[in-house]
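After this come two complexes, each holding chain A, first together with chain B and then together with chain C.
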Partner chain A sequence: MMFYINKTNCISPQQTFGDIDIEQLHASVDNKLKVLEPPYPAFTANAIRRMSKSTRMGCGAALPLLADSTQPDGIIIGTQVSGMEENGKFLNQIIEYDEDMLTPGNFVQGTPNTISSQIALISNNKNYNITHVHRGLAFENAVIDTAMLLNESPQSTYLLGGVDEICANNHTLDTLADWFKKEDCANNDLYKSNTNGSLSGEGAAMFYVSNNKTNALAQLKAITTIHNTDVDVVKEHIRNFLLQNLPQGEKIDLLLSGENGDKRALHYYTFCEQLLDSGTPVARFKHLCGEYPTASSFALWLACNFVSGQATVPEHMLKKAAKVSALKNILIYNTHKTAQHSCMLVSIP
Partner chain B sequence: MEIAELKEKLKVQIIQFLNLTDLTPADIKNDEPLFGDGLGLDSIDSLELIVLLKREYGINIQDPKEGRKVLIDVNTMAAYIEQHREK
Partner chain C sequence: MDRILVTGMGVISAIGNSVDENHIALVNGKTGIIKGGGNFPSRYAGILPFAEVLMSTADLRARLHVTEPGVTRTTLMALHAFNEAIANAGLTDAQLTADDTALVGATTVGGMCLTDELYANTHGDHENIEYVGSYDYASVNLFIQSHYKMTGVVNTMNTACSSSANAIMYGCRLIKNGLARRVIVGGTDSLAKFTVNGFNALRILSDEACTPFDENRKGLNLGEGAAFLVLEKEADAGDKKVYAAVSGYGNANDAYHPSSLSPGGDGPYLAMKSALSNANLTPADIDFINAHGTGTENNDEVESRAMLNLFGALPNFASTKGFTGHTLGAASAIEAVYSILNIDRQELYPNLNFKQPITGIGVQPVVAYKPAKINHVMSNSFGFGGNCTSLIFSKA
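The block that comes next holds the complex of A and B.
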């Protein structure tokens, strides 16, 4: 059964926080899709000026979910880079001041678990608190952790999230390694580029989850992950995932594909599409959020909104569609750097 | 360096060290309390200010009582720097 998603929030490069509008595409700037940060009325001035961007947007997306909910039994966050920008400042201080007179601010904000701990501090939550940092599967491991906890303790509720920020140093390194495009590319031309690399992105998606079906937005029915670069192994893994988890007689009504404009990754997505019925609609989301290690959390946020009818699939997302209607089962497939792959099956509650 | 010039430089450094990005030096009055009702700084900021004095002026404040007398406002910080600076 996995779990139900009762509430969700997302801060992203698109208008996803507050009044949702994903029809109108916000453009990338300098090959980056940076988040549209909302005001953060819940934070004091002293708190906000010390927060890293990932902590700001993580807390900013999480706290409204907790405002009118029972205290969750755990806060479970997936992030690869977290406050890497602050981490870089701290490391530079070590060099600049010869390991002397280091202040705690940048260090505290630069550690990955700052997001989950800051949410706990502000919401006075003293329960289970953990951060998963498994690169491109960080969010998926947070999901698996949550599912196992709910299996052990079915009455519990959890706050689950995926957060990552664009860090200047990592962006440079990943651009040199061809993971981000070297030539100028706008997000609305991302899939036509036919070159190596994608656009850099960031975001924070939060989910309040439980085994309670009442008023749930969506059900996360199943998840799988695999580390492999062999396309046949990955294809077989996805095929088995669908055989084991898609109920008899049902079909995938929409594939949310993590296709990201990197020609080296395209064949993984093409093979995944070929596993489904030829008429299955395919929608892509990386031109909305950019590429980042926990981008699958943005896809899960989209899937929740699509199956619950809170948003419709905009035309600019559709790669292949006869007609997108009556969404019951959505398959999310994503690969990070062609080695880490994940599938999530999201259904109506 | 004239004391007035030192105070202006100090305000820029306070903004930079404490990440007070929504303030300009003109927003900080020389006699405005740094803590409490003035700029509203807190104990973590006091640590950052002590590090500022060490890094930028070579001043070591080890006695907390002394720190309380120095970190009152820009005037007191500038006066202390004038007397004790090594840089």
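The block that comes next holds the complex of A and C.
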């Protein structure tokens, strides 16, 4: 099962929305990579005021894709806890006002299906609508759902997205759980770091997808997910994934690696690199977007731009000097918190 | 294509800790909605009625032999129902760990059930951090996955009150698309200060036991629980006990308002219609509808209108929220179990507390237990964000 990506949009901590410029790296601030939010001409001031940040950037990235397209037959979003900032505000109300005289707005905006449902509401789309929340594989499950939908209904089109936001609560909880660095670390030094944790990130990447190859940017050729911490199991799984899905005689021309400066995750990425021909260029992306559960959607956006030639791989992404040319097959490998892993194979259409 | 059959079920709710206990309560019309169970801290516990699982979190943990730290009540209830379902289906360890066995679970509160702990951890308590890794929705299924060393597809869904209907639908689609051979699908939610205050702030919690589809309904009661189904392909079911087939599903969005349904009920109508078409059935084939029927002003009126628009004359229908309260992310899975019992036992359970039909609509649910010939049951679930899903179960 696979599909074509016909259009894509991304709001991220880098200049990825509108005029794309990923050569110039925007710096992290206080160990966080926050999105550069564009103006949102499609929303009224009142609508924006009520939206959570994740809903704002999710709708902001999605709606331009829908503007001059056929109404998609479904909206499929992956997110770990979008709306958690709103949840946090409601949590604070509960405790600080001792469960009395609360306003429900934050509670309603805090449910993670707000993104998919707001896109549906604004674009008056009454079709299939779903939200996958499976932490570090939330976006991958959304991809699998979309691939199944296109297998079931080959003429259809779908809107697929991955969104997560940095908010005070998830940043604090994940820092306590040792997943974000406690010492100061700048994003351009991320891979030199040899401690636990990464930098906190966020973003929204949206894809308009179908079985229509005409004018497609890229083809999502295959995807797999793994739940395991055993590096040998993960390595074997990736090896099989490549054997089964990489056409004979072809090779991986670029590995998009989710390496994130967390010393506990490094060996998974190293083993993955060793599975490929020596000399295969490796490009890392977490210093651009930070670590978040649906960061693989940012990687898929990058892969679409690289295989379609809309962007070239900037020097600062390359792990070691390499010549990147004639990109046909890109492997995205990512692990979230070392227990969830995924591979996506992205090719020219 | 093989039919998809239900070969195992597990449920824990305010009316019982197993399928058998739930069945006895349904037959006897015995509600689980009470004031003052006291297993969750909130100023409203004991004041407003709730449908609580009357087992403390510590007891649940002991009963399930869970000794790892960081496992929430939401997860424990899920594990309880999951264990019953896999035992009931006779799944072997080899099947559980096989890469063609998938787990799809839903929850809307997940680790947010620990409202006070989360507040403390995000406001300076950096010592008591047992639960900081469990705050999200996926924590539930990631625990079950790792507990049973599952290697197939694992997924978590949250579309508010229709979450576990979507988990069931997704599990069926995994089988049909060849991504799994068998799936364990369901949902869980525990009562929490967080959700209680959310619904209370929306002013849709009733101060009495809920009265779905009644003219004088005052709102919903929240409940807690979990349920899982084991779904297998017909060819794999062998001589196993088969409870029913999942014959159709439909998902649609109301695209109207974040927390209420459109007056015309477009989302509910489209979800039901698409489930019928997916099942290749006509409205006249449906013998019974397990309605969403929360007891709120908005839902029951809109759902009635949407059913009337689609069915003309309504088949027998009832809401079981008067037994279990609204269990949110568990609701569709629990009601799937009840819908399957309708088929397996050939009987209908009452819509509790109904007295007077809604003015201008006039539809009347089943109000007493009765044996009935049941081939096809539709089960409705509608959630915040306009996320509507209908499932159809059929006699196998």
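Just a few scattered comments:
Please note the rule applied: the second predicted complex is superposed on the first by the 346 of 349 C-alpha atoms of A that agree within 3 Å, B and C clash if a C-alpha of one lies under 4 Å from a C-alpha of the other, contacts with A are read in each partner's own complex, and residues count from 1 in each chain.
Operating definition for what follows: a residue touches a chain if its C-beta (ideal position, glycine included) is under 8 Å from a C-beta of that chain, and two chains touch if they have at least 3 such contacts.
Here the structure is a predicted model, which is why all the values come from computation and not from measurement.
By the touch criterion stated above, A:168 is placed in contact with chain C alone, chain B being left untouched.
Using the contact criterion defined above for the overlaid structures, shared-chain residue A:104 touches chain B and also reaches chain C. In the superposed model, A:45 makes contact with chain B only, not with chain C. When the two complexes are overlaid, the chain among chain B and chain C that reaches more residues of chain A is C.
Of the two partner chains, neither chain B nor chain C is touched by A:29. Chain A residues in contact with chain B (one complex) as well as with chain C (other complex) are 103-104. Across the complex, chain A is touched by residues 42-44, 108, 112, 115-116, 118-119, 121-122, 126, 129, 132-133, 135-139, 141-142, 145-146, 150-151, 153-160, 166, 170, 173-174, 176-177, 179, 193-194, 197-198, 200-202, 251-259, 266-267, 270, 383-387 of chain C.
Interface residues of chain A facing chain B in the complex, by the touch rule stated above, are 45-46, 49-50, 97, 101, 103-105. Those residues of chain A whose C-beta lies close enough to touch chain C in the complex are 1, 75, 80-81, 87-88, 90-95, 98-100, 102-104, 107-109, 111-114, 116-118, 120-121, 124-135, 137-138, 141, 144-145, 148, 151-152, 168-170, 172-174, 176-177, 225, 227-228, 339-340. Looking at the complex, you find that chain B touches chain A at residues 18-21, 40-42, 44-45, 47-48, 51, 54-55.
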